[in-house]
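Below is one structure, written out as structure tokens, with a few remarks after it.
For reference, chains read A, B, C and D in written order, and residue numbers begin at 1 within each chain.
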């Protein structure tokens, strides 16, 4: 049997202790070991952005990290934003502006946008496009996503 | 697309990392940000038997002012840290502006300065910019420490002078001389892709407004960052004019670079772009140099 | 009809699940004891398979089984023909050659599956795949469509005389006679290359055989669950009632997730049954480039005959279509091309023959557009070439040839992709073109802005391209609408859904009829245990065909509601209205009963249901159009190009669209935006690069370039509505529309930008490098003249 | 992929021919060769462990020599297969005498790369092949210069 590593990780505020093979990708760990299947896997080579999660508040590709590397860190996935009954303002904005179609790329976009709006609460359209450059979407042509981010920024500014 | 198995070490100090490298040599692969290495591992193009992960080495992540007034950047400094560093913006604006061109936000939060330089991808910005700014790198192994100038560091595709037991621990970027200007010009299919062609120009004017020195370094123009020395030399002693810039562009694009053909661009198109971008880069760099002259 | 909900910007019912990560996609299915599969795929595009040695892989710790074609025994046979054999058009040739579960004896495209490893984890399965040893005898590769038809070409299928898979010609009027009358003949060769659909979610299947109940459940990323159920049952010798196929949330379809019967769809359920354990296979991105179908490869030789005053007298287009290694999907794509070759123009004389060619490439099946962008690219490029030849404004030339509003239904006298007569049902084409021209400010741009920009040294061009889209084809779809005791409404339909907003647009249709809130209508799609009949989501037919079935079922339930309520409330049906989840007597609002209460009354626990009636407020309806509804649109673009670097910037993008009755403008606009982004990919970014040996050189998102947020322009959309007379909703499809005209539009705008060079674009997609080469060629041609 | 180029050796043609025609010497000049064994006069097999930065892969390979016209020209065929893909190259080598005891080598051929490495590594082919050929020929020249000196 290959060597496994014991790791402690906090995901969406919950602490988990698990034993993993070092080669286990963080994306697979979140989805299959922790059952947090909201994080999606689209390319596994770091281009599509569907697997983006926040590590210590910063957006990262979970397919380009090994789970062991998240030992001792805090991860936020889409499940850590709002709930179905109480959507996070970003999620609300995405529904209102129709910022998603098939919804597959959406979790990675929501986490990316969360970090982005925390750093830049009043972004221009160009800055939004820049911020989303690492998240591919095949359905929307991005326009409604951009409008959703503008709306979310407005909601979060209050 | 799942990586093959490997043995994993996550040393907490540089010394510990060096001892692991000394022990495992060629079999060990260093994992810095992993934004180039892990995709290759996922494709199983790379199957290292041992990974030495530097991400727990806090002492390697810093941006400091150098004794020479330039910048000292620890190997494990994330691109994002450089991108948001006022010190970097002030001391090495060329590097600072390049940061937003490196891949995507999510990659920049992981990718590291030392990792990018050590990976020595001829299409990457940081190797070329380090060279354009006359930077040097501090390499350490259990055998000792050495400084290597950027111009001596890059050997060929993905290959540097780093020995298997050696680690790049720090980059030193000197300040530009007074009356210097710079420019980074790139053409990429999409803004965040590897550039089809790119050029970094750093020029210095003397008090009379004549070019005192220039550096032109090309991205995606050969098997390593390519410095166009003869083109730079041709500018020396000249007052900037479109004629001298065109001549320099011609020399660099036709004689000095050695671009490849791939599915995105033929070597011929790359040379054409190099010519166009060199002229644009020199124009902007001289413009900036002239402005600093007025300020100074 | 006064509509309360149809046509409104209703937010989507499905979003909260998707936004919180709770929507189930195939890879989210986790079953106890589940195993994971990985395929060994051919490195060669064309080779004899001499030996496959799986012995080492079988020994690998954690591996449960390894199967090759040999191991499948009598269960090894090709997939079904998916689209029935071709119609009885004169002299049609069609050789059906279908894909196999695992390659035996011969490899016909790089990426063809050779063996499958089933292991405790995907990681282990991939480790073991590397231990399979294969001996190949490489064969010369068939790639070029013209060379493939030469007598000395190597053969993709050794038992055929040539690589000709099919041939079909269609004629309308008399092209030769038109040619003789013409003042001007314009001839061009147009080349269209392949691209990938590249849905963000790759394909995947989970199969679970329950030996005790003898029941097979399959979760599949398919656009067509019912055909997959039927086919799987047939393959495994089971009743259709023993197989349940669930297409849960799907991360984008765009065509290739159609009822392909992919090798994996044949192998995984079979393996799960063999091993009596659930098996999951999730395609990775690299596999998606090698194992998922693609589209677009064609070569056209076109001729257009015109009169001096700009009337198109006739069109002739003979073309080659690349079907790849097999042709399970019949003639859908080239027939679509033939149907769109005349665009929205009144062309009386038409002649077109296509030859479908086998090559050593992945199978071609429809990808968003499905042959239509090709047809539009051809006719629109010809229009531009003709305008230049005639010295006429390209828009004026188009306007002179548009089908006038009083000519509908317009019969083309050829057949469409569904073998039905190609009839354009309705439209007001000129109004749509004018709308696009008005929004983009065509006259002002041409007369004022462009000259000014040119004086500034800028290369800024304008393009305007009209197009048709045949949509909503048969055979049929069905739906069942049920009012439940809670007062909420349940709707089931057989189609799958991949992000088109069916959970909302269908709910709007039902809510409109039953006076309930859209959010109180629950839509179930893509589960064969919920609805037995239907085909799938393709050809921009979901909203039209399934939507019409939903509409019919909802109307029928409304009748039942009114009938029962009339009895209960003791009021004539005409005086009743359905509002706020209740039936009430108009003008006497206190006299009302909720739908929930009515549903309970309709399902009595005591007493008797009257003879000749059915219990429940429920109805099932089907809709099958005689022929499809045809949408029309016009896109316009202002494009700036850096003449030195070939980098582009789209300054404005306008869409005027007439897809009949608009169900939900928010969703409609989303569909258009997405289509345009894919079309822009087909115009300037997305190309599958295959080398001379059939090796794909860009099997990653680093090298296969999807349009990202930084390239996409803002799109201005205007709607015009000419309801289709073919269905009660008046709907026409729109799912593919956005993608169709973009490459033609881009080419036109580019040529217009390079006003001082003789640039002519006769290929798609372009790239900066290719544009650079074309400009060089143009320059050299000019020199040599 | 087309491969084409020229190289000038600091040795006379006969000497160059000898080493080119001796796959045992020739294969030692292929960067990263691990082992070579002779099948017959014209055919050699061996193993190459290719290392390009982090990329590394073992290839089992075969070199055959054909169409000999001593000391002017021959055809070299190189085939290799490994975990990350396969490679096949056929090249014509022509030697032309130059002044001062030097020899010009002209080579041209076709290389076919397949499998995993082809599908995602195309950006690197040109650079890698150029680099490897240059490295190999430099090494061959070193051997020649040493032989001449000896």
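In the analysis below, a residue touches a chain if its C-beta (ideal position, glycine included) is under 8 Å from a C-beta of that chain, and two chains touch if they have at least 3 such contacts.
What you see is a predicted model, and the numbers here were worked out from it, not measured in a lab.
Trainee: So which chains are sitting against chain A and chain C at once?
Mentor: B
Trainee: Looking at C-alpha means, what's the farthest chain from chain C?
Mentor: Between chain C and the rest, the longest centre separation is with D.
Trainee: Which two chains does the highest number of contacting C-beta pairs join?
Mentor: Maximum number of inter-chain contact pairs occurs for A-C.
Trainee: Return the distance between the CA-based centres of chain B and chain C, expressed in whole Å.
Mentor: 44
Trainee: Using mean CA coordinates as chain centres, what's the chain C-chain D distance in Å?
Mentor: 49
Trainee: Just curious, how far off is chain D from chain B if you go by their C-alpha centres, in Å?
Mentor: That pair's centroid distance is 32 Å.
Trainee: In chain C, which residues are in touch with two or more of the other chains?
Mentor: If we look for residues of chain C contacting two or more partner chains, we find 123, 130, 284-286, 689, 697-698, 700, 702-703, 707-708, 710.
Trainee: Would you mind listing the residues of chain B that make contact with two or more other chains?
Mentor: 1-5, 39, 43-44, 190-192, 194, 263-264
Trainee: Hunt down the residues of chain D that sit against at least two other chains at once, touch-wise.
Mentor: Counting only residues that touch two or more other chains, chain D contributes 83, 116, 120, 122-123.
Trainee: Under the stated touch criterion, can you name all the chain pairs that qualify?
Mentor: The complete list of chain pairs in contact reads A-B, A-C, B-C, B-D, C-D.
Trainee: If we count contacts the way the header does, which residues on chain B are in touch with chain C in the complex?
Mentor: Within the complex, chain B touches chain C at residues 1-5, 39, 43-44, 187, 189-194, 196, 263-266, 269, 272-273, 276-277.
Trainee: Applying the document's contact rule, which stretches of chain C touch chain A when the two form their complex?
Mentor: Residues in contact with chain A: 11-12, 14-25, 27-28, 30, 61, 123, 198-202, 249-254, 284-285, 498-501, 666-667, 669-678, 700-702, 706-710, 712, 714-715, 738.
Trainee: Going by the contact rule at the top, pick out the chain B residues touching chain D in the complex.
Mentor: 29, 36-37, 40, 43-48, 119-120, 122-123, 156-159, 194, 222-223, 258, 260-264, 267
Trainee: Sort out for me which residues of chain D touch chain B in the complex.
Mentor: Checking each residue of chain D against chain B gives 52-57, 83-84, 116-117, 120-128, 130-131.
Trainee: Which chain C residues qualify as touching chain D in the complex?
Mentor: Chain C residues touching chain D: 43-44, 110, 130, 286, 289-290, 689, 691, 693, 695-700, 702-703.
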